[in-house]
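Same chain, two partners: chain A is paired with chain B first, then with chain C.
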Partner chain A sequence: MIAVFNRELKAYFSSILAWVLVSIYLLIVGFIVAFSIEDFADMSMAAMQGMRQANAMEQLVPPLLTTMGFLLLFFLPLLTMRLFAEERRSGTLDLLLTYPLTEAQILAGKFMAAMTVVGMMLAFTLSGFIMLGRLTPLDWPVLGIGYLGLLLLSAAFLAFGMWASSLTSSQLVAAVVTYGGLLMLWILSGVDRSGALKERFGDLSALAHLTNLTKGVLDTQDLVYFLALAALFLFLTARVLESRKWRG
Partner chain B sequence: MISADRLTKRFGDHTVVDSVTFEVEKGEILGFLGPNAAGKTTTMKMLTCYFPPTDGTARIAGFDVVEESLKVRRMIGFLPENVPLYPEMTVREYLEFAAAAKSVPHADRRQAVTQALDRCNLGEVESQLIGTISRGFRQRVGLGQAIINQPPVLILDEPTVGLDPAQIRDIRELIKELGRTSTVILSTHILPEVSLTCNRVVILHKGRIREVDTPENLTAKLQTVNTVRLQVRGPHQEIQEALGQVQGVQDVTRLEEPGSEGAIFRVQAPRDLEVRGELSRLIVQKGWDLLELHSEGISLEEIFLNVVQREVETNQGGEAA
Partner chain C sequence: MTAKTRFAISTLISVVLALAIFLVVLMISRQNNHKWDLTRNQRFSLSQQSLDVVRDLKEPVEALAFLAETDDAGRQAASELLGNYKSAAPEKFSFQLVDPRKSPLLARKHEVRMPGQVILVSGAQTQRSTAVAEEELTNALLRLSDLTEKKVYFLSGHGERAIQGNDPDCLARFQGGLAAEGFTGASLNLLETKQVPSDASILVLAGPTRQMLPAEQQILKTWLDQGGRLLLTLELETGGHLDWLLKEYGIQSPAEAILDEQAQMFGTEPVYAVALAYAADHPITRNFGLNTLFRLARPVEPVSEGQPEGASILPLAHTGPYAFSIPADDLVGKDRVEIRSDRVIRKGSIPLAVAGTFPKGAAPAANPASETAPEPSRPEARIVVVGDTDFVSNELFEVLGNKDLAMNMLNWLTESEDRITIRPKDEASQPLILSQTQTSQIKVLLILAIPLAVLLTGFLMAFRRRG
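Coming up: the complex of A and B.
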């Protein structure tokens, strides 16, 4: 597993794609944090005039974290699209599957490498909150729960992206399928206005579950939702890899 | 070292490999010979545990390819056709990855990589990106990853396809060298490849084994005529007619080889009739200059065509009956 992990991590950073993705994500998040801080300063001024105190942990941090999660929806498919599709296209997957590695080890190596890149992306964004912390008091444990939410969301998104990548030898098709699936997952609560889906299956929208975590609410339901989603798509990816054994 | 027993692979209704049985002894180099779609790659994919057989069994070093897949995969080095590699890695990085993925102990990895670089003559490109090296070097890198864990069994699918003649000769020498320490199965549809490299040949056609033997035995078994090649200086027409008069000679053909001295003839006689003495005496008696005379063995190409032709005739006979 470690061999696959190291190779994937090297592959990410030896191509310009990972650097571009991380840089642009940080740039966008940086802009949003800067503008949010400015807005928050205005709000604080207005609140002081009204003798009320503005609370960054309520008015600033949750929407910021949610926006960061929404942005991940656009960046993560670009990280996962090549994981299996490119290996399938070039034939390296065939060779890899004849090495003394299990499908689970290959899968875990690739997944952990992608998670490491996302972890780095998110870690860099913390600098914005550190700056914010100098201007207004922040509840760091609550912020930590928000970041845990982003990591769990990423795990689920990456697992879905890996599954899509395992289905095809075209990176483009893998990316498009991932965008479609993740967008659907994100907007599900908005689409299900009557609440029929929610009534039958519970809240399936990623947005709803992330929102709770960004507010610092550590609910088992939200954790289970993201972990189950990640586990389901990792399992499906493993089945796709194993399908060569029973197809025919 | 390798045994396959009634190995069969079906995709839907299509049988790609049909009840293939063979054994390979330790230290042997076995060649799978057959045209495209003969079932060579599919057989190799079953032996390398890429997918299981639909029927039958195969064992490598005593381990079953289905039941003990991980153990088998530790015992083999595989070079797939077209040598899929990671172009963004350097040669050394790639071999280090292969060593780690093949569970070479951490302490031995550096030495394993150095050995693979040495044996495959990759020293001059070890720091280059794989995407920038020539096809010949890519093939060597593919062989390097196959031998990185010093496996007792090497399975090489079309190891010389797409190479120029000099590169083919280099890779052929390398395979022979690797064959000194490992049991090798290689597949090819290039006929001279097998006779120059392999101890034994399996001729596959439409998923079934047609012949298994040494190139020499196949030659003896399938040679139907005795062919002699002569190079003679003298009146061409007269020589051809005189050769045709020798007792037992069935056919005399003049070969066009521009730039050669004198005329070149191919003389065919029944397999068990030795005509070389008679031919040489005739030429000397006539006062012509005998520049060259030698017996031509049947080429593997002819053997292969004989085998396939024989099968077509058998099928036609069966259908007519």
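Coming up: the complex of A and C.
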């Protein structure tokens, strides 16, 4: 697993693509964070005149974390699209499957490598909050829960992306399928207007579960949702890989 | 069956099983979730008081939150708050979000006229929370689980309105509506009983047209002085008969008749007055968005000087800007309304009702020697005075928001001293003041420096590898 992890991580960082992706994500997040802080400072002026409340942990941090999660939806498919589709196109997937490795080890290696890239991406975004924390008091445990939410969301999204990548030899198709699927996952609560699904299984939308975490509420239901979603798609990916053996 | 087919079938079965397990796991996690609110002031959790109330419920309660489907933010907030109650006692509390437009019959059944209300249903009992807020909901739950009978006595013997009968002037509908709020109504003649019964939660004095005897006045004053609760509705013609009582509690009702040109839309002379503005900071009228209709009303207001010590008296409802008042004598005994501009006493925003709280012994004339009055053992007396009795008559009780206002008054009057008050959990305001330099530094670092540094590192690594 370590070998696969090292190989994938090297592949990510030896190509300029990962660096460009990370820097564009940081640029967009930085842009949003910087201007949101400026807007919040303007709002604070009104608060000082007693017109309204101004508290960064209520009005600034949770929406920023949710937006960062939403942006991941556009970047993670670009990270996962090549994981299996590229190997399948170049014919290295069959070679990889002949190594003395189980599908689970291959999957875990690739998954952990992608998670490392996302972790790095998110770690850089902390700089904005550290700056903010020097200007106004922040509730760090709440922020920590918000970042845990982003990591869990990434895990679920990456697992879905890996599954989509394992289905095809075209990176473009893998990316499009991932975009579509993740977008559906994001807006799912809007589809269930009657609330029948929600009543039974809880909110199936990733947004709803992330929102809870960004507010600083650690609910086992949200943790289980993201972990179960990641486990489901990792399992499905393993089955797709396994199916190559009998399809020949 | 070939090996390939067997493998395909086993894959299919395992995929279906995985999906089923996924859904079961979600279901179990939904039913057995644990929550930790890590915010500094536990902003997203129920207070200990609310937790105790919901866990101590004797009968299951279902909350129907009436919110439009388009109100996503409202529904989300309601789901979270009601979900907290449900998590605290899943076997005793459940809730439903109801769109009043999609379920008009249900809304009608519970007399929901404004979205944003929550009806708590337990068996045949219902209670209303006028807002989706913890304090209101917990208090409504308390009222619902309060099994003690709250008795409302309507005083009689002084020409008060009858509580039975189909006559438009009677109060039968008002009396009939009490049951839904957990009250029972009965008539009371103080000359007969010589005291206020010990089970009395509220006395209603609905438009007496004769003076009360001094002995009766004394019984009433003593009861109020010991924490009694009174709803007093006045008549235009005879409101002055109660000046002895109002004066002691720092309230006045000048002998004026309120007329409202706007109310001519009812096709009558301008004898109606519509209350359009309500006290936003009083529990009776907080979030109250309905107009209420009065007929031949008198103004009621706190006296500007000489209020009892420790008393808090607040006007509850005001007329709109087109209302004005004239001397009551100009109407009493007349066949029709004649308006002369030189007779107008005041114009616009005239107070129609007041509510006051009075600490025990606040009224100076209470007679401590009285032995007949029971001990209500409440820390304060509460009095609501309305400048009109017609607003709760059979004819007007169910018009506009009259019923809601009257029931809010009764609920406030009976609120027990251990009424739950839950302070808002908003974070303290911590404004962020940025200098121009700080703003520029943030932008340079977040938009330029960090992304560029990452990009350059990538190029550098790629360049070194190729080199």
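Definition applied: the second predicted complex is superposed on the first by the 239 of 248 C-alpha atoms of A that agree within 3 Å, B and C clash if a C-alpha of one lies under 4 Å from a C-alpha of the other, contacts with A are read in each partner's own complex, and residues count from 1 in each chain.
To be clear about the criterion, a residue touches a chain if its C-beta (ideal position, glycine included) is under 8 Å from a C-beta of that chain, and two chains touch if they have at least 3 such contacts.
What you see is a predicted model; the values in this text were computed from it and never measured.
Steric overlap between chain B and chain C is absent once the structures are superposed on chain A; the two fit side by side.
Legend: residue contacts after superposition of the two complexes on their common chain; A:4 is shown touching chain B, with no touch to chain C. Once the two complexes are laid over each other on the shared chain, residue contacts for A:67 go to neither chain B nor chain C. Using the contact criterion defined above for the overlaid structures, shared-chain residue A:116 touches neither chain B nor chain C, since it reaches no partner.
Legend: residue contacts after superposition of the two complexes on their common chain; A:90 is shown touching chain B, with no touch to chain C.
Touch criterion not met for A:169: it reaches neither chain B nor chain C. Once the two complexes are overlaid on the shared chain, A:14 sits against chain B and chain C alike. After superposition on the shared chain, chain A has more residues touched by C, the comparison being chain B against chain C. Shortest separation of chain B and chain C in the overlay equals 5 Å (C-alpha atoms, whole Å). On chain A, the surface touched by chain B in one complex and the surface touched by chain C in the other have residues 14-15, 245, 247 in common. Of all residues in chain B, those touching chain A in their complex are 9-12, 45, 48-52, 54, 70, 73-74, 76, 78, 80, 82, 84-86, 88-89, 93, 97-98, 100-103, 145. Residue ranges of chain A in contact with chain B, taken from their complex: 2-4, 6-7, 10-11, 14-15, 90-92, 94-102, 244-245, 247-248.
Listed in rising order, the residues of chain C touching chain A in the complex are 3-4, 7-8, 11, 14-15, 18-19, 22-23, 25-27, 29-30, 32-40, 43-44, 69, 97, 426-434, 438-439, 442-443, 445-447, 450-452, 454-455, 457-459, 461-462, 465. By the touch criterion stated above, chain A contacts chain C in their complex at residues 13-16, 18-20, 22-24, 26-27, 29-31, 33-34, 37-38, 40-41, 44-45, 47-48, 53-58, 124, 127-128, 131-132, 135-137, 139, 141-142, 145, 193, 195, 200-202, 204, 215-221, 224-225, 228-229, 231-232, 235-236, 239, 242-243, 245-247.
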